[in-house]
Each structure stands twice: as structure tokens, then as C-alpha cells.
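There are two complexes below, and they share chain A, which is joined by chain B in the first and by chain C in the second.
And then the complex of A and B:
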């Protein structure tokens, strides 16, 4: 099952992410690496159903991109109480993602 | 112990070749699994516009492949994406593919793992070297980039980078002439902010502030010069994804799978399809043809095999 994720926009990122925890993905619709990462995340969220999944479309949300100092996609951030505690740009496999999340 | 999943046919790689094979196999009533390392679609996912695919004057590559995947899934094929292959057993009568999560078995297998971009072979401390302009191009709006490679990809991707707002492109090509299609070359050369240098190679890239300092060597006189660019995009061709088959499946000296007219390999029950096969022309349409033939040949192999043998 594809993991849907909660869409975050320029209009609501300040409010919704202020104290957020979970995995935040910056993506672009036609980006091949984003698509590959999404398939991996589908599996990650099946194994970790309690972890919140937040998504930001980089093309539609320049203000959120700037606020998170992010230029490239895909970028994955682990959030704790609204703070970025770990960040990774580019592809990861399921094993790497699990380690990345656990060590954050 | 990993959960075992048993099939008639396994297909490794979900690009156009693998997905076409899946369609033909499913319609021949073979219980089929398609195992894809990343996302189905393969290299076509990286292609902004495909303009030589019969039935579509122009279509985005990812959109085309999403339609093919929908057809595959609709036929009941088991599709496992983001599946990391950890072990392969191809020589015996029962083919095994062990992924991070499952042990797949099949009586036959089609290898359709395609190709991947060749990386620049340079030791560098720079993190400004990219292989995907869709993913990384937006960061270079108003900036200067170096494009390495003057083939079709180099020219197409340069046009795309300009459309994102990149302000200046320096393209280098190692050969005497760029080999991209004339029409694409004309379109790029018409831009005043593009400089193309042939007979030129990249010999070093070092981090320099927010960008990088690149050493370029002119092959006509061996003179080197250094230029500053904000980022580097590399499009220097593709190599076959055959590392897991080395020493088991017969490969040519460039790493492509050597296959017969029905795409059979040196191993019984092992077929190959698409860009991964040794051949002269690599397109979506030729990948489809390969996928078709490999699936039908695998079906015949399974039908003809004496009961209990496969």
C-alpha cells in the first residue's frame, strides 16, 4: 500500500511543523529519485506505522524549502519537536533509512 | 528465515523490458513476480519527453511508464519495488532471488536490469556533482554550471537546466565533435549563454566556497586551465547493470549479457531483455520487443520441460 503522508504547504508549514515529530520528505512530482525513495518509504511506514509522514512538494512550496534551507530533492529530514535532528539528500534503501531514522 | 514466494517466472528489473515481459507472461497464465530495485519505469522515468514512441506524439517518460505499470498490476503480476537483491541463484533448475524481505523462487527468470549512468571517475571533496537535473537543477537558478558530455543526454539536460533558470552553461566533450542529434545541438547553440568546448576533459574538481573549481584539459595541446562553476552535471553515457550476474551469466567485454535470438542466455531457463543485452540499438521500442520475446521463450521453455524437471 502506498504511504499517503500528510501534505504540508507554504500556507501551513509554520503552524503544522512547529512541534512536529516524524519523517519529512521534500520531493518534486516528476523526479525519478523521489519516486524511488517513495517506494522505499512505502515499506518503511508499513514497518513503522506509528511514525508520522509529512510531505512537501518543493515546486509548490518555495517558502518552506527556504525555511528548511533545502535546495535539492529528494531530501529526508527527521523532525523532533519541530527541529531537524537528521537530514539526508538523495537515495536510501530500506536498511539505510531504518538506520538513519533510528540513529537520529 | 525469510518468507518464501514461489512463482513460474521471475523478472528482475521493472523498466520497459521487464514490464513488457510481465504483461506477456501474465497473459500466458504464468504466475509472475517482478522485482525492482528502485521504482518501476527504469531509465524512462528520467526522460522528460519521449517523442519516438508509437501512439504518443510526445509524452513524459514517467507518465508513460506509470501507464505501463498500471497495466502490469491489473494483470495480477506481483510487483515488488524498492526490493534490494541480496543473493541470486541462477544456475540450478529453480531460480532464486533473495531480497531484503523475501526469498523468491521461479522456474525461469528474465534479467532486465538495464543500464545506469556512468559516474565521473575522480576523487573529489565536492558535493556539487550531479547526475539528475530534475532532482538537483533548481538549486542552480541564476548560476553557472558545467555539463560534462556532449551526447543527446548532455544537450537535452542542458536545455532543461536553462529552462529552470540556470544562467550560464559550459559544456565539455572529450571527443572532437558532439554526437547529439543535430536539431538538439542547434537548439542549445542558439542560446547566447552556452559555451561548448570539444576535445576537453575534466581532470579535477575541488570544493571552492559554495561551488567548485574544475580543471579542464584541452586534449589537442595537453594544456590545462581552471574554471569556477557553481555545480557540475555529468552525462557521459550508461553502463550495463550486470554486476550481480558476473561469473555466472555470459557477458561481453563491456559487461552486456550475450543472448541468442530468443534472448536465451548460456543458462537454461535464464533469459535477458532490454538495454542489458549486447546489441546495437537501445530504445523503449527495442526493450519492448525484447521483453515480448523473452517472455514467450520462457513460457515455451516451461511448457516444453518434462514434468518435474523445472
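And then the complex of A and C:
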């Protein structure tokens, strides 16, 4: 079952992410790397059902991209109280993602 | 019935130098016999070259083209020997390929029995302090090359070459017959193991012969009574360890041909000793319950055109046909004889095939496939395409009709830089404790200094990303070849067929990204 995630946009990212916690993914619809990462994240969120999953479409949300100082996708951020406590640009496998999240 | 496995790795044996793979002039009667009695995989491609990445893939059953290159076996890598642990299977490694035991590389890990023969490349310093009598390396390099190579290649290449040759001559001066060569000694050591193996238990034996890798010093090089059987009238020097690099301006065509014929003579010698091992296996009655699997890790660039796209030896990360198409032949009780399989197979299929035969089964971590169902005809293919390349440098996709090469860097700069990246970075990282030990003619301290001077980071992570709004166009340097009309990839048609190039580029990227997250 694909993890859907909560869509975040340029219009609401300041409000919704101000105190947010969880995993935030910047993606592009036609990016094969983003698709591959999403398949891995499906498994991650099955194993971690209580972790919020937030998603930002990089092409529709330039303001959010700039606010998070993000230029390339996929980028994964771990948020705690609205702050980026860990960031990874590119791909990870499930083991790397789990370690990345747990050590954030 | 106790099921055993013997894997024989013959390093640097390309499919183009094997009779049963279509070479019309080379003599490989024992490989041909193995094919007559077993199953030949026509489209076997090495996913990650060269030596170390290929073995990691074969031993662990996984793809590494996207993630690991010339580096140590990691704790999380699960090898065939690791899977034999705790079972009534004796595991043994008989080898002369020194890369297994580079500092901390640990590729001999987990075997119950290990037997190593000293002296091949990267271990040649073992003989550096022996006196060299009667011979000198300059006798095996043409004068015009000694005079011009540094000027043309600009890499100060002659000095290190002569030093390596000198070590090899110090070693081979003790040889009195073909039986003193490395491959015969390794094959005889393998037979010694088999004679002692407990017949009440299973065994898994990996025999790793670095021959026919260079130096290409078959008997005609040191025996004055012999001539090279493939080039008997050649009058020049036997360049058994030819200079690595682009061949233009360095070698003449007759010289290049003779180097190839030295390699071919070595292949024929190795074939003979493979035959010796096969005969002993038969004489010991082991054929009735033993899978015999012959593999290689890659072929060899040996000159212009189809021989090597203009380079000598593996100095560039170029995954062309002559390098990545390697033979794989399998024989075992219950498997068909004389069967030729056209399905694509890859280096990562070795581990699952071996563990399947041993009764361990295919491990959940294996990404490769057991080839036993394919050999038995229960399935007609295990994948639709193969991939091949060099970690962080190149990745290619090979389909029935096409091959496409994607380059991860704009160029490889100098040959020295490419060699350093491909072969040294991992080694130097793991050998920091050995400041005075020598690797390829230089101390570890000297290599580390060189490492700081060059751009060695090459993390390549950007390949897994893109930017908003960008379109995935095929990079200009990438190449497309018609595999049926141009099997040796000499005529790049990417510009003529951009649609096909784009399709294969996308297919390759999808597959590599899937690997990266798996």
C-alpha cells in the first residue's frame, strides 16, 4: 500500500510546518529517483506508522524549496518542532533511511 | 547424496578469447569440452568491473554497480562462505589472486580452509628483494616505447612499469617448466584439497586463478626452445607486461598483435590446466554429485577497434563488450549437456546458483537468480537485460538488440587519474597502518600524499537527483550501439536514433535507482 503523505504547498507550508515533526520529502512528479525513493518510503512508513509523512512538489512550490534551501530532489528532511534536524539529498535504502531517521 | 560445488574463476578471460564462444582460431579444448558436457551462458555480463567489484557481486549475489567499487568486503556483505557456516559444508578458497588479501579487504573471510600462492600483481613486491640474475625488464619493452612513452602519455609510466616487471622477473627466473607458473600451481593445490576433502560431508571449493591476467608470460616467453603458437614468426620483444594506456603513438600494430597472441597463449595454457582439474575431478568420482562452474571477472582491452577501443589493459572505466562480456559454463549431474542458454546472466547469479545447489537455497539478500532452473529448461530467461559498468564512472544497459553506455563523468582526465580512482582509493583507505609497505611501487605514505593532491572524493551522489523543471535528456557523451550489427560497439548511433537512446537511458536510470534503494 503506497504511503500517501500529507501534501504541503507554498500557500500553507509556513503554517503547517511551523511546529511540525516527521519526515518531509521534496520530490518531482517525473523524477525516476523520486519514484524509487517513494517505493522505499512505503516500506519505511509501514514499519513506522506513527511518523508523519509530509510531501512538497518541488515544481509547484518554489517558495517552500527556497525557504528550506533546497535545490535538488529528492531531498528528505527530518523535522522536529518545525526545525530541520537532518537532511539527505539523493537516495537511501531502507536500512540507511532507518538509521538516518533514528540518528536525527 | 552430498552435493558439492567447485567454482573456477579464470581472471581476465573475455568471451572473445574462448573457442566455444565463437573464437575460430584460439585453442581452448577444455573449455569447449566443458561446454559440450554442460550448459554455456551466451550472454553473461559482469555488472561491476573490474576484479574486486565483480568478486563481491559473485560472492554475495548482489549488484554493486550503484554503490561500491574497489573496496573492502563489508561486515554487512553476506558471502557464500558465510552462508555455509553452521552447516555440514566445508568451504575452501584456493587462490593466487592477490586482491582478496589487499590490506583489510578480507575477501578470504569465512572459508574453513584458505591456500594462497604468492606473486601475482599487487603481491609482486613479495619478490622485490630477491636478486635478479641474467635478465632485465628492458629486454621485454621495445626501445622506442622506453624512449617516448613518458612524453606521449605524460604520466611518468615507464619507471613504475619497469619496477613491476623487475619484480616479476625476479619471481619467474626460478621457473623451470610450465608447472611452476601460477595457474598450474593453483590448480594442483585445488586437487590437493579435493583429495583430502571429507566425502561424508559437502564441500564448496572456490578456485581463483589470476591467470590469464597479465603478465602475459606463457612458456614461449622464457623457454628458448618454444615459439608463440599464434605468432611464431614475430621478431620483436615479448612485451609480457605492456604499458597501460592509449595505444596510439605507443605501439605498432604488429606489436599489438603479438601482445594479444601472448595473452592467447596464456589462455591456452590456463585452459590446459583447467582440463587437468576437470580430469582429476572425474578420476576422483566427484562428477556424480558436484556442480562445476567456470566463471571469469572480465575480458581485456588489447588495442584498437574491437580489441580494446584504443587502449591497452584496464586503464579507463570503459565497459565495452571486450571487457564486460565474460564466459560462464556450468556442468553438473542432472543438467543438460551441450546446452546453450541465450538469457542474460550476471555476476550476481553466481552466489544464488551455488547456494541453491548446496541445498542452502537462495538467500533473501540475493538479488541475482539461481541459474539451475534456467539450465534445466524450467524457465527460458532470468532477466530481460543486463547492466555493466564501473562504479561512479559508467553504467551501461545491454538488451537483445541494443547496448547503451551512460557516462557519469565528462571524462576520465588522465589515465593515471583513472587508474588511481579505480584501483587505489579503497586500498589506500584501508592500509593507512602500513606506512612503509609498498603497493604498485610506491609506499602507502606516498600514495596517501598523491590522494590528497587529486580529486578523489568523487561521491557521485548527484546522479540520484535532479532539479525542478529539468528534462532528462540523454547526455552528449552517452553512446548507443546496434548490438546485432555492431556487437563490439564501434559505431555510436545515439545521434541517429535519439528516441531509442532516450528510452534506454530511462530504463537504465530506473533500474539503477531501484538498486540504490534496495
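Here is the rule we use: the second predicted complex is superposed on the first by the 104 of 104 C-alpha atoms of A that agree within 3 Å, B and C clash if a C-alpha of one lies under 4 Å from a C-alpha of the other, contacts with A are read in each partner's own complex, and residues count from 1 in each chain.
One rule holds for everything that comes next: a residue touches a chain if its C-beta (ideal position, glycine included) is under 8 Å from a C-beta of that chain, and two chains touch if they have at least 3 such contacts.
For clarity, every value in this text was computed on a predicted model and none was experimentally measured.
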item	value
Room on chain A for both chain B and chain C (clash or fit)	clash
Which superposed partner A:21 touches (first chain B, second chain C, both, neither)	neither
Touched partner set for A:39, first chain B, second chain C, both or neither	both
First, second, both or neither for A:84, with chain B first and chain C second	neither
Chain B versus chain C as contact partner of A:104, first or second or both or neither	neither
Which of chain B and chain C A:51 touches, first, second, both or neither	neither
Which superposed partner A:67 touches (first chain B, second chain C, both, neither)	neither
Clash with chain C (superposed arrangement) - responsible stretch of chain B out of 37-45, 55-63 or 217-225	37-45
Residues of chain A at both interfaces, chain B in one complex, chain C in the other	28, 30-33, 35-36, 39-40, 58-59, 71-74, 90-91, 93-94
Touch list for chain B against partner chain A, complex	36, 38-39, 41, 45-46, 48, 60, 62, 81-82, 84, 100-101, 132, 134-136, 138-139
Residue ranges of chain A in contact with chain C within the complex	28, 30-33, 35-37, 39-40, 58-59, 62, 65, 71-75, 89-94
Partner chain B, residues of chain A touching it in the complex	28, 30-36, 38-40, 42-43, 58-59, 71-74, 90-91, 93-95
Contacting residues of chain C [partner chain A, same complex]	461-462, 464-469, 472, 506, 509-510, 513-514, 516-518
